[in-house]
Amino acid sequence: MEAESQSPKATNVETKPKLHSDDQEYKLRAENIDVFYDDFQAIKNVSLNIVGNSITAFIGPSGCGKSTFLRLFNRMNDYIDGFSMNGDIYMEGKDIYDPSIKVEELRKTVGMVFQKPNPFPKSIYENVAYGLRIQGISDEDYIEERVVESLKQATLFEEIKDNLDKQATALSGGQQQRLCIARALAVKPSVLLMDEPTSALDPISSGKIEDLVHELKSDYTIVIVTHNMQQAGRVSDNTAFLYMGSLIEYGDTQKIFTNPEKDRTQNYITGRFG
Amino acid sequence: MNSTESSRLKDKAFRYIGMGTTIACVLILAIFIGFILYQGINRLGWDFLMALPSRFADQSGIYTAWIGTLWVLGLTTLISFPLGVGAGIYLEEYGKDTWLNSFLEINIANLAGVPSVIYGLLGLEAFVRIMKMGNSILAGSLTLALLILPIIIVSTRESIRAVPSSIRDASNALGATKWQTIWNQILPASFGGILTGVILALSRAVGETAPLIVVGALAYVPFAPQGPLDEFTVLPIQIFNWVTRPQHEFVINAAAAIIVLLVITFAMNGIAVYLRNRWQSKMNW
Amino acid sequence: SCGPSGPSKEIKIDGSSTVYPITEAVAEEYRSEAPNTRVTVGFSGTGGGFKKFLRGETDINDASRAISASETETAKENGIDYVRLSVAFDGLAVVANPENDWVDYLTVEELKKIWRPSSQGKVTHWSDVREEWPDKELHLFGPGVASGTYDYFTEAIVGESGSSRGDFTASEDDNVLVQGVSTDQSALGFFGLAFYEENMDKLKLVPIENENGKKVKPSMKTVSNDTYSPLSRPLFIYVNKEAAKRKPVQDFVNFYLSNAGKLAKQIGYVPMPDSAYQAQKEKFKAFYSQSDTTTAE
Amino acid sequence: MKVKEKIIEKILAACALITVLTTVGIILILTIEAVSFFQEVSIIEFLTSTEWTPLFTQKSYGILPLLAGTALTTMIAIAVALPIGLIIAVYLNEYARESVRKVLKPLLEILAVVPTVVYGFFALMIVTPFLKTFIPGLSGFNALSPGIVMGIMIIPFVSSLSEDALSSVPDSLRQASFGMGSTKFQTAFRVMVPAASSGIIVSAILAISRAVGETMIVAIAAGHQPRFTLDPTVPIETITAYIVQISMGDVPHGSTAYQTIFAAGITLFVFTFILNNISYWIKSRYQQKYE
Amino acid sequence: MEAESQSPKATNVETKPKLHSDDQEYKLRAENIDVFYDDFQAIKNVSLNIVGNSITAFIGPSGCGKSTFLRLFNRMNDYIDGFSMNGDIYMEGKDIYDPSIKVEELRKTVGMVFQKPNPFPKSIYENVAYGLRIQGISDEDYIEERVVESLKQATLFEEIKDNLDKQATALSGGQQQRLCIARALAVKPSVLLMDEPTSALDPISSGKIEDLVHELKSDYTIVIVTHNMQQAGRVSDNTAFLYMGSLIEYGDTQKIFTNPEKDRTQNYITGRFG
């Protein structure tokens, strides 16, 4: 029920992302998040709303907490020793840290792609089928259909369609990363988290992934961490700038890159620090 | 939803199975040791340690056995320590990346996997018969020394490898010869690790039975050995001898002797672990 | 504790595991008599012991049978001279597991059926021995081929020394046999009577039908009066001539003959009459005082 | 100076060459005695006859009963050690907290330092009587009890080596699996264990090799009866136990009976040699994979 | 017998270091050096002369071959697998790669200090005495005298004179590095090679080392590798700029820093690449 002009919450800042008419329209909402690793506070009172079917980029210097924040949305921090948090994260209005939420279910809805391509040491086919198999699906026809479709979505199918039995680890880095995206897509998530998905890749492979991300936008809500300013500028609708655990500025990517409100953002984007 | 439920259930079940299995293993060990203590602890005493073997179980002791064990341990150390450390130094510092080196490496890996009873056959033929040492402490010690040589070599190499190359560079840059660098810098810096490996290897030697039986140490030796060419018995063989007797009193003797053997083995392992920790914390470069 | 002892104060004994307990007991008693004499005793079996004895490696050999013809041959070749001294009597006990409720006695014929070489792989169940017995697997235990007991038993039962089936648990260590039989319901085994007496509670003694048709259990009495036949026998020690010239060996053997009777009884063997021991002492004395005869140069 | 350096190098090389001498010595001694053995006994009989009675009047030299005994106890040991070792490895690596692992792992490794003669005692005095309460027909000497105890003894080999293999799998795979919504169980058995499979196989092979060569446990608790059977409840004999049994008596040098222990020894050596080399080969390939 | 105006050789460059009247005056001469690590050529046809009692700095981007080149002068590359070289290195006119040269003797004349302080895990005293002891010197009085003098030369004596028995590893980083210098000085070398001797140190410790290097100049010929432009400028008489294994420019430090002949040098010094 928030007003049309309302901006997403952020510590001490009022920034303007692309807005929608209804609270329901926020696919993801983070409210007053603190994250601690033992005594060290990695995220400091960050609030931030993300609308559906958009691409949001997290930028900031190394160690500012981008990955930490991203991983909150599929609860991947849960396994880290010493991790603790305050605040709430909602997905489509539901508190994902509520005890009634099954974290395995959540992760099927919120897919994730990592910095370094990490295919399983199995065949290409079995990599993509993995998410379905662990759900107990055994209908081979359905699995095959999903594998092919996901590989097509990830624009990988044409390159490897004759080699679905090949070991995934034998693919090139760029292909591996697209495979990892296909693997995430196979279980039909609605959110896709990507943590520096191209930082280990050459420029050509990176370009392919960027194109792919663009295409996926119509079906998925995508949050992407990147240290590549140009990439953030090219690919995202909204950008959040984090610095030492705090959200400095958040809003329309165009705006952030051309006319940021904070000097810090300005300095970072023009490469004067970080 | 359903599949998530069952996955979670399996997950939970395995957590308990895993914990249960692990604890069960530790528990079995505890039961074993508890049983030994229960059977043998009352038999332990000064008399038991100082008595010669006897046909009466309650007058029988392990004097000859532990003296024999000490002899064998000492002689095995004297033989295997310089040989093993020397071989380790050679492999790590000289002739690296030669075919000889990789051959030696495979060879040592293989020797480490040869069953101990085969070493017994080697000792029987080479030392007892061809070199005519008879069933002596020397023959037994030589056999055990060969048996633990691979362990000592491998741990020596690991310890030497742990010495940072900056130490080697510094010494070389001062005009030290290779051996001067090894003797003055590499060996002192890796000594803790080497010692750990040697003690672990010796603790293995203390418990070895089969190779000594094969070289002929299973005799009734009612007198403590006085020289390396004497016949001997050792604790594990004394235990073996008593275990095979049907009379309960001898089984109790076996249990008591096992306590002594376990104390020695665990103490050696404990010392080794302690040394390793101390060495590792000292060597944080 | 003891001072340096020259090699001449060392006495090496090996041989029969049956005689071993007597010799062990004597050696142990002798420790207090002559603390500086080091007596070592092995139990390789009579045959195994003779191998060493005839190579001159041991001074005394325990034997639960007399020296064989081929062994005598070897002795001549190697120039070893020796004397045989009797030390006690023994019976061979045939034993089963205490839970075995069917075996009441065995005939010599049945024992032969069980143990002869041709029965290997054929007589494998108790029912193969006597039809009314249960169809349970027969697990056999006996002394190893290096032992005099084995030689004696095969001679007495099968008819040829050293001839038997091979598929049984054979050990020179009688303790292993006792353990095996006492823990296995379908076991049958044999060994020296003394081992039975030491482990009576764990074993069932099987009476043997002798040629008079009497079912006899071995005991001090039945062995010494010869009614337990054919499985009773004398036990010996053999002393090397060279060794017998050494004072410590003479002392030890005399001590042995003076105490064997008492100790044998303690352990479960059948002692000889005192006069017999006296006769053995004299035989020994005559042996080591006489000049060399057999040793060729 | 230079001369001294050279001499030292030669001395050190000599130390290293002792290991070659050892290998050569083992192979030579086993081969020489085995060759004279095979001049008496046909290799066909050795490999095919199902009876092993070299000491008796009706001599038969079939190694198969000893091999069967070795195979039987080894299989029992592996059946115990492999699943338990693997479960423990997975549990310690994927489930247990660091503090728990720090306590449990060294405790488990105690199992590997207990002398084998002590395990023989356990097998004979504890495990066999215990098993008898379930299996009344169990002989006092049998393959089952020493097999199980041997299995317990080699659990730490399997668990430690497998855990090393599991922990060398990159964390990114675990993350990927969790990220797909897998439970720890699914992650462990569908991703981690397959990814660590070569290391786990190495641990299994080394465990087998160890069980094949284990001597005292079987010498004490398995009986000494060469029997061509896979029945775990009756007395059997392994190759190693046979060597010990013959060594306990005095079999004269040069006799065929004496040579049998070398024929048995070379058989044992060949098996463990093959196993060790397979594991060495897998290990050197697999170490390249994750580095 | 070379003319007064002759400049040291360098591939394709004519640069002017501080010059002296006689060839004999060149303490070190490298002629047409190629260095290979297996197939990779790390040094490409470099020639370079160094006069006695001067400080020469090697600069250049990471991986250009500075350390490789420096280590040629005491033959520390000899141990590296795959190392091979062409060309000659002369010290006071003698070819140091001649088979008749004993490398241990050479290293007593050419001392070396490394990037990370690497004292032996022995006492301070024994660290400095080490070089003497391995020469077989056993005269304790002489050794003590050398230890004290070297520590004084390395401006460390005052700080630790009461603790000569202390473990050297317990010293601070800067003290350790000065100890390493003292250790090198104890055997009275005439050349001192220093490979980034201050890069692991804080600015204050670095300053002390720089001062020390300056003082040592009167007695030693010093060659120093540094990635710190300011340091090279402050400390050295001559500077050699290496780039991808080639010697781009070599000459008077003042000149190189204010008016280099090559654009590459200019760019590197002003921080435009590297």
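Just so it is clear, A, B, C, D and E label the chains in written order, and each chain counts residues from 1 on its own.
Operating definition for what follows: contacts are C-beta pairs under 8 Å (C-beta built on N, C-alpha and C of every residue); 3 or more make two chains touch, one makes a residue touch a chain.
Please read all numbers here as calculations on a predicted model, not as lab measurements.
Considering the contact criterion stated above, the chains in touch with subunit D and with subunit E alike are B.
Chains that touch both subunit A and subunit B: D.
Traced through touching neighbours, the fewest hops from subunit C to subunit E number 2. Ranked by the number of C-beta pairs in contact, the top chain pair here is B-D.
Summary of the copy comparison: rotating subunit A onto subunit E for the best CA superposition needs 175 degrees, to the nearest 5.
Between the CA-based centres of subunit A and subunit D the separation comes to 50 Å, rounded to the whole angstrom.
Annotation: 51 Å between the Cα-based centres of subunit A and subunit E. Subunit B and subunit D have CA centres that are 17 Å apart. Those residues of subunit C in touch with two or more other chains are numbered 42, 173, 176, 179, 182. In subunit A, the residues that reach two or more other chains under the touch definition are 104-105, 134-135.
Chain contacts: subunit B has residues 7-8, 177, 244 touching two or more partner chains. Against subunit B, the residues of subunit D that register as touching in their complex are 1, 4-5, 8-9, 11-16, 18-20, 22-23, 25-26, 29-30, 33, 84, 87-88, 90-92, 95-96, 104, 106-108, 110-111, 113-118, 120-122, 124-126, 152, 155, 182-186, 188, 206, 209-210, 212-216, 219-220, 240, 243-244, 247-248, 253, 261-262, 265, 268-269, 272-273, 275-277, 279-280. Across the complex, subunit B meets subunit E through its residues 96-97, 164, 166-167, 169-177, 180, 184-185, 188-189, 282-283. Against subunit D, the residues of subunit C that register as touching in their complex are 14, 42, 44-45, 48-49, 51-52, 117, 120-121, 137, 139, 144-146, 160, 162-173, 176, 179-180, 182-187. For subunit B in complex with subunit D, the residues that touch the partner chain are 7-8, 10-11, 14-15, 17-19, 21-23, 25-26, 28-29, 31-32, 35-36, 39, 82-87, 89-91, 94-95, 104, 106-122, 124-126, 129, 146, 149-150, 153, 177-179, 203-204, 206-210, 213-214, 216, 218, 236-237, 239-240, 243-244, 251, 254-255, 258, 261-262, 265-266, 269, 273.
Of all the residues in subunit A, the ones that touch subunit D in their complex are 74, 76, 79, 81, 103-108, 111-112, 114, 116, 118-122, 130-131, 133-135, 180, 183-184, 187.
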